[in-house]
Amino acid sequence: MNTIARFKHLGTETYHVFNRNKTSWVGLLLLTILVLLAVLAPVIAPYDPVEQHIIQRLEPPSSQFLLGTDYYGRDVLSRIIWGCRVSFIIGSVSVAFAMFFGTILGSMAGYKGGYFDSFVMGVMDVLMSIPTLLMGLLIVAILGPSQTNLIIALALTMVPRFARIARAPTIAAKNKVYVEACQAMGFSDIRILVVHIFPNILGELMVMGSMWMATAVRTEAALSFIGLGVNPPTATLGGMIREGFKDIMSAPWASLYPGLVILLIVFAANLLGDGLRDALDPKLRNEK
Amino acid sequence: MNTSTEQPLLTVNHLTKHFFIKRGFPKSVSYTVKAVDDVSFHVNRKEAFGLAGESGCGKSTVGRCVLRLIEPDSGQVFLQEKDITSLNDQELRSTRKKMQIIFQDPYSSLNPRRTIGQTLEEPMRVHKLCDHDEIRNIVVDLLENVGLSPGVIDKYPHEFSGGQRQRVGIARALLFNPELIVADEAVSALDVSIQMQILQLLQDLKEKLSLSYLFISHDLAVVRYFCQRVAIMYLGKFVELGTVTQIFDEPLHPYTLTLRNASPIPDPSIKQAFAQLKGEVPSPISPPQGCHFHPRCAKAKDICSREYPKWTELDQGRGVACHLYS
Amino acid sequence: MITRKSVLGCLVSLLVLAFTVTPGFAENVLRIGTLGSDAISLDPHMSTKTQDKIIFPMIFNGLVRFKPGTADLNSIEPDLAESWEVSDDKLVWTFKLRHGVQFHDGYGELTADDVVFSLNKAAEKTTSSAYKEYSAVKSVEAVDPYTVKITLSEKVPFFLGAVINYHGGFILSKKASEKLGDKAAINPVGTGPFAFVKYQSKRFVELKSNDSYFRGKPAIDKITYRYMPDEATRELAFDKDEVDLFYGRREARWIKNQEKKKNIVVDVFGLGELRNLHLNTSIKPLDDIRVRQAIAHAVSREGLVTFIGPEVASAANSVVPAGYLGHSDSAMVYKHDLTKAKELLAQAGFAKGLTLKAVITKVDSLRLPMIVVQEQLRLAGITLDLQVVEHSAFHKLIRQNQSSLVLYGASRFPVADVYLTQFFLSSSIVGTPTGITNFSHAKVADDDILKAKTEVDSKNQLALWAAAQDKIQKDVYAVPLFEQYQVWCRKSNLDYGYKLENSLSNGPLITEKTSFK
Amino acid sequence: MLQYIIKRLLLAIPILLAVVTLVFFVVRMAPGDPAQVILGDSASYESLTALRAELGLDRPVIVQYGEFLVSLVQGDLGDSIIRKQSINSIIADVLPYTVELTLAGVLLGVIIGLPLGVFSAVYRNSLWDYITRIGSLIGLSFPAFYSGILLLLAFSVYLGWFPVVSDPDMDNLGERLYMLVLPAMNLGLIMMAYVVRSARSSLLETLGEDYIRTAKAKGLPGFIILYKHGLKNALIPVITIIGLYIGVLVGNSVLTEIVFNRPGLGKLILSALDERDYNLLQGLMVIYAFLIVLVNLVTDLTYGMVDPRIRKQ
Amino acid sequence: MKYILEVKNLSTAFKLQSGWYRATTDISFVLKPNETLAVVGESGCGKSVTAFSLMGLLPEHGSRIDSGSALFKGEDLLTMPKEKLRKIRGSAMTMIFQEPMTSLNPVLTVGSQIAEAVFYHMNVGKAAARKRALELMDMVKIPDPGNRYNDYPHHLSGGMCQRIMIAMSLACEPDLVFADEPTTALDVTIQAQMIYLLHELKEKQQMSMVFITHDLGVVAHVADRVAVMYAGNIVETAPVADLFADPRHPYTKALLKSIPRLDKDNKDILPIQGMVPSIDNMPEGCRFYSRCEKKEQCRPDKFPQLLPIDNNPNHLVRCLLCE
């Protein structure tokens, strides 16, 4: 039914679909708010996130401490705001690293093919057969817990995923006729890869980037929850849940609120990724 | 028509390309597909040489091997005196400027994310063919040459119809002032009314720019219209070669005859004998022993199932591979 | 899709079960929720982990013991030994064993051979982690089946500590050890009120009553000693009647919350664990006494006690725990004074502040106060760059001299010598072959500590110990922080059978008299 | 088919070997010391050295690696450093807990997720579709420990229906199932989110295929088109997702075991990490990698069952 | 019954970004029993849309039928209840599609896909359906139907798959078959076989056929009557001989002049200049105006009607110049 397909193809643009998909706007809005919170943490946070009010430990939410205080009498709200900052930094930096190296490896492997491809993807397969969380666990255990090491651990677990994501469309694009046309024009491989193939996989990478950022934030929280997170007194959302978990009965606010914020961040990033995917994927585009 | 005194522009000798494919689950078996098997021909200057056959016969592979977009396994391809198969990457890149290709699918042969201007200007920038300021002028001229207005330069491929896109594809092929253009099913994807427009454009360009074409098509009528000489391929091999009138008016090979008879002629007053056709195109993975066509051939003899017939040169550059003529 | 039906069936039955099954409950079963995720070793001479220390006295006896519920050196009473004699030079000790004491599982009657075997094992480096305590033991001999003679090479500050029901003092069955070989470590055989039944890694140890216990048949039939590393879980499990007795949180706020509940008794008891902040003087700038004094002034004991709660903690005034023989109340203590701390820092050239690197274990009892200390130091302008690591990595890193400050402390046998030797004697400096736990690299009190070891006159001995404590604190090799008591919660109908004031094992002793009322 | 399975397992050997090698060396790079774990905080330097020698930890790493490989080939993971028990038996003790938890999670996710996904695709853009999609996205976003805590609070603490400590006696089937409910639900809900999403999108894609149009043109009843023609094709990507999800599932099962205090591989690996029990850690990683390879194999075999294009050629 | 199918003023619209647009406008034609009507036109002219509209196979979202009626054996296909249409579809009225490979379900055996059509429409048991399917496979000349029955589509060639599709569409002896470019995806020798097969089957089965194609060569050999479509309209309809011998609409004329022939030297070929107007930018009046040779003699603003020419009720033309 090529007529119908062509009609539907006419004039559809990413923006419009994204625009029509209200949920993805919600995701973007939510994420923007959270990012703003994180960026403006020093201005917004009512207290210094490490300041202890020992006498007012584990106080329930009040006008003084909007979301209550934690085990050391630190303001939960302020810690959440600063924790967001850590989550975003770890999430985005690790995804950026993974995306950078993964994309290079994956697209090179896909474009070159042959033994290089087999070797690179073999290494990726090995990395992938260790579950993300365990990989993170191992790496943090070796390098010691810190923000940088968490980023390294998370990036390392995500590199193979991005390599895979980049490889498939590279191979697909490589077989596109316009790439053949580029070869006929005498373009170098690097040029073809960078100028002609890469822009075509960028969309997918952005989608996966936001989805994996969600995963990275969640994994970071999980590692912090296990106790392999960032060092004290830095506030992290996962770490707050861990600290608060022992007082969950008497002071649920200390662990439930940070958890809710993790959920919000991950949800918003997923929502955005979903919206982007719908907007970028011509197959799903027709569904809306 | 006979140009044998002059040196051909393109000479292809014993070109062969085999593909290896692995298939199967759970046990996989490797197959050899003889996509192109010992093919020789030449293309003269200012000539359109047709390459016709059904899908999977290897005609596109020949076209790509000529440009070395696919590396041939053996055989030589000469552009004038230069053996293309022995060039290194750098030499190949400069030689390719003399040979270009037009693809079948006007939808996928243009990068959807680049404007027409970008697509056309990029090769000139990369190869530093001319001054920076001149590039745009050249592109504009080129667009006019292929019948597009200069206003399209900042548009994206999806804003065009198939015919217009194919014009852009042609413009791209003309960028380097090539001598030979491989047109791989260049009009197959287009509607009939547009098809003729493009064919005429190619025809005009041939005259104007002294081009030669290797014209690959499954549509015999189009080949007859556009080409001077034509080769018919079946399962990787040439079965017959000659001028279009020879091939289509007095076909020698039974397969050529079959093809001709199967192509419906738009005239209800001509009754065609479709009922006589039998059999399917065999899989290129396992072509029949002997002459590949013998299971479908009405005139098959004993020898046909045993030996592949030799290529026989007849008069005036005409050739055929059939036991009936050897 | 055939499986779909059957799985659905399973789900339904699951839900039905959820409403009908309730956890089993049998009388006279004592269910204990302990800390730790697993037993480290059930060989009493090997493990020093709290979760193991608690269970050992239920299975084993020593030659002597503290009266249940106390840790008073004056209340030591006979256990497997009926009586004992000591030579005038305090070098030869003769113990008369109780007759007819039977080992569990039919390993026969306790004889002097078992005692000789056990004490020799305890003194052996490869089979005991307490071997240092026996370095002065020259020989252990069986005079007759019921008499054991121990000869010392030099005088020991408090020798009975080595044969008490603690660590190396536990008496094992020689026969069982030989027969079980490697398996003895996970199949302990003793003479105590409860006999080992089975051990499930990470889950529990099961004990049954030793009906032929020499002090009489225990009132409890069975003990399930369950590993519950998570505090909240222990608490919830108790609330849901899944355990009867559990290791509580050593925190006043928490205790107050528990006491609101019905059917619960919270026991707060000693021995307290002292927390000292050791200042590693081998790391710059802690070699500068002004910096150390500044830290001493910056730390607020009161803040820490408030943090934990005065009910379970008290401010410490000495690097030796209170209640230990030789503890001094008069050692020099720096008062909390931020201005003074800042002044001292400025004098030392750190007017703009100072960053120190330290590692801390993941273990809550050390990590949590350390974070409070971190904040207290921050207020004085000292940034503590804290790295949280696994407990063993913590020790490894300390021994590699990676930590400028070490918050540490543990309960030891209650004699000042043990504490001073392990933590402040130069031969105990970590990183040296004889190193143990001297995290401060203190050398200042060596003379006093060594002299006190062999000092016959107890008054002089006390004076030497007091001097040592004063020197250490004056030069700020360590800042005494607080002492934290043990907290256990039990069902209100659970009666220990004695008054629990102190315990050497960090947990209540379950004896033959312990019962449900 | 058997030949294929054997071939696939053989192909997995280099991957497993690489994982094992990686883990072997990586684990030994971590600071910490099993000797210290065994002897406790106040062990002296001498006794630590002695114990390390006894445990064979002072030998060159490469020698230890060789020995490890030799015993691994014999199917023996060696002995735990800390507990002197055979790792095979330590793992065998807790493996059933993790396997039953994971399986129950997957089953629950598929059983609830698949129909929901189909429902959502069929009534796409309806209110229910909207709710299902948002719901599944939330489910997907839940950190497993957080959902676990919420479940624990709701069902164990406030409603009191389930125990806080899910440490069942393996011989008591009733208790086992009962204690499985909450942890399995935790994994299942997250799994469900993945299944719903993939089932929905893959069914939608399938419903746009030419052969569905053919089926419509044949005048088949709607539900036959949906189930016979649509769902069977749509299952293939769903199986892929389930296969891919196994990595996430393993991580989530670790968190679930912590929150619900359930014995299992996850808790074992955490304590092995804490105690620097190198051998145990290695063994566990081998088991995990092997399980993942196994799951991939099962996934591929399932493809073959569903898709004749892969089955025979 | 004079006509098996009678379509009047059918218009189908699709939703684009900027609103609803008509893909076909005012489609009217009739089909006699046992007659083959070839609908010919370039891509996008609305020929497939017409067939899908009649079969009720338009996508549920984003398309609608604006007006018209389509009487199939006296009953209006466009207004009848969905369930009734479903029962007609696949039994009395069937369809063959362009891409035989993708139009067959890859996970079901080809035999079962034929039998399915029998099973759900003919009220027979599974065994009878199977038997009928084997008969049909034999009828469409599939060699060794017994074994092929259990093959999956990917085991068969494109030609064989198309034979399966044909067998499937003939399963319940339909009165009307829509063939939507059934030979376009096939090689020329296979196409010839398929044309012959359809011709043969039609003789045997007594059915009417709407044969949609863009290939005038195919038209010449399959059709009894031809409807030429351009930009959503039928511009000319006539018996096949008349149309080729005496085309009246400028578009038909130009089209016939623009196709090369295999049996002749193509000296007099003339391409049609210009482009088909796009769906969202249709001219008010004659849609061929801008490309018409004789536009000087015509006016751009008036929309022509489809009217008989020379008083021949079988030859209708939509052209102002012919009115």
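For reference, chains read A, B, C, D and E in written order, and residue numbers begin at 1 within each chain.
Going forward, a residue touches a chain if its C-beta (ideal position, glycine included) is under 8 Å from a C-beta of that chain, and two chains touch if they have at least 3 such contacts.
None of these values were measured; they are calculated from a predicted model.
Asker: From subunit A, what is the lowest number of touch steps before subunit D is reached?
Answerer: 1
Asker: So using the touch definition from the top, which pair is joined by more C-beta contacts, D-E or A-C?
Answerer: By the number of C-beta pairs in contact, the winner is D-E.
Asker: I'd like the Å distance between the centres of subunit B and subunit D, where a centre is the mean of that chain's Cα atoms.
Answerer: 54
Asker: Which integer distance in Å separates the CA centroid of subunit A from that of subunit B?
Answerer: So the centre of subunit A lies 49 Å away from the centre of subunit B.
Asker: Round to the nearest whole Å and give the separation of the Cα centres of subunit B and subunit C.
Answerer: Going by mean C-alpha positions, subunit B sits 88 Å from subunit C.
Asker: Can you check how far apart subunit C and subunit E are, centre to centre, with Cα atoms defining each centre and the answer in Å?
Answerer: Their C-alpha centroids are separated by 90 Å.
Asker: By the touch rule stated above, which residues of subunit C touch at least two different other chains?
Answerer: Residues 230, 236, 362, 389-390, 393 of subunit C touch two or more partner chains.
Asker: Give the residues of subunit E that touch two or more other chains, as numbers and ranges in rising order.
Answerer: Residues 43, 278 of subunit E each touch two or more of the other chains.
Asker: Touching two or more other chains, which residues of subunit D qualify?
Answerer: Residues 30-31, 125, 157, 213, 258, 270, 273 of subunit D each touch two or more of the other chains.
Asker: What residues on subunit C touch subunit A, complex-wise?
Answerer: Against subunit A, the touching part of subunit C is residues 230-232, 235-236, 249, 253-254, 257, 303, 306-307, 362, 364, 367-368, 371-372, 374-375, 378, 385-390, 393.
Asker: Over in the complex, which subunit A residues touch subunit B? Could you list them?
Answerer: Against subunit B, subunit A makes touches at 9, 176-178, 180-181, 183-188, 191, 195-196, 199-200.
Asker: Report the residues of subunit A in contact with subunit D in the complex, numbered from low to high.
Answerer: 1, 23, 122-123, 125-126, 128-134, 137-139, 141-142, 144, 214, 218-219, 221-222, 225-226, 238, 241, 245, 248-249, 252, 255-256, 259, 262-263, 266-267, 270-271, 274, 283-284, 286-288
Asker: Across the complex, what residues on subunit D touch subunit A?
Answerer: Residues of subunit D touching subunit A: 14-16, 18-19, 22-23, 26-27, 29-31, 124-125, 134, 137-138, 140-146, 149-150, 153, 157, 201, 204-205, 208, 213, 246-248, 250-252, 254-255, 258, 269-270, 273, 285, 288-289, 292-293.
Asker: Okay, in this complex, where on subunit D does subunit E touch?
Answerer: Where subunit D meets subunit E, its residues are 125, 209-211, 213-221, 224, 228-229, 232-233, 306-309.
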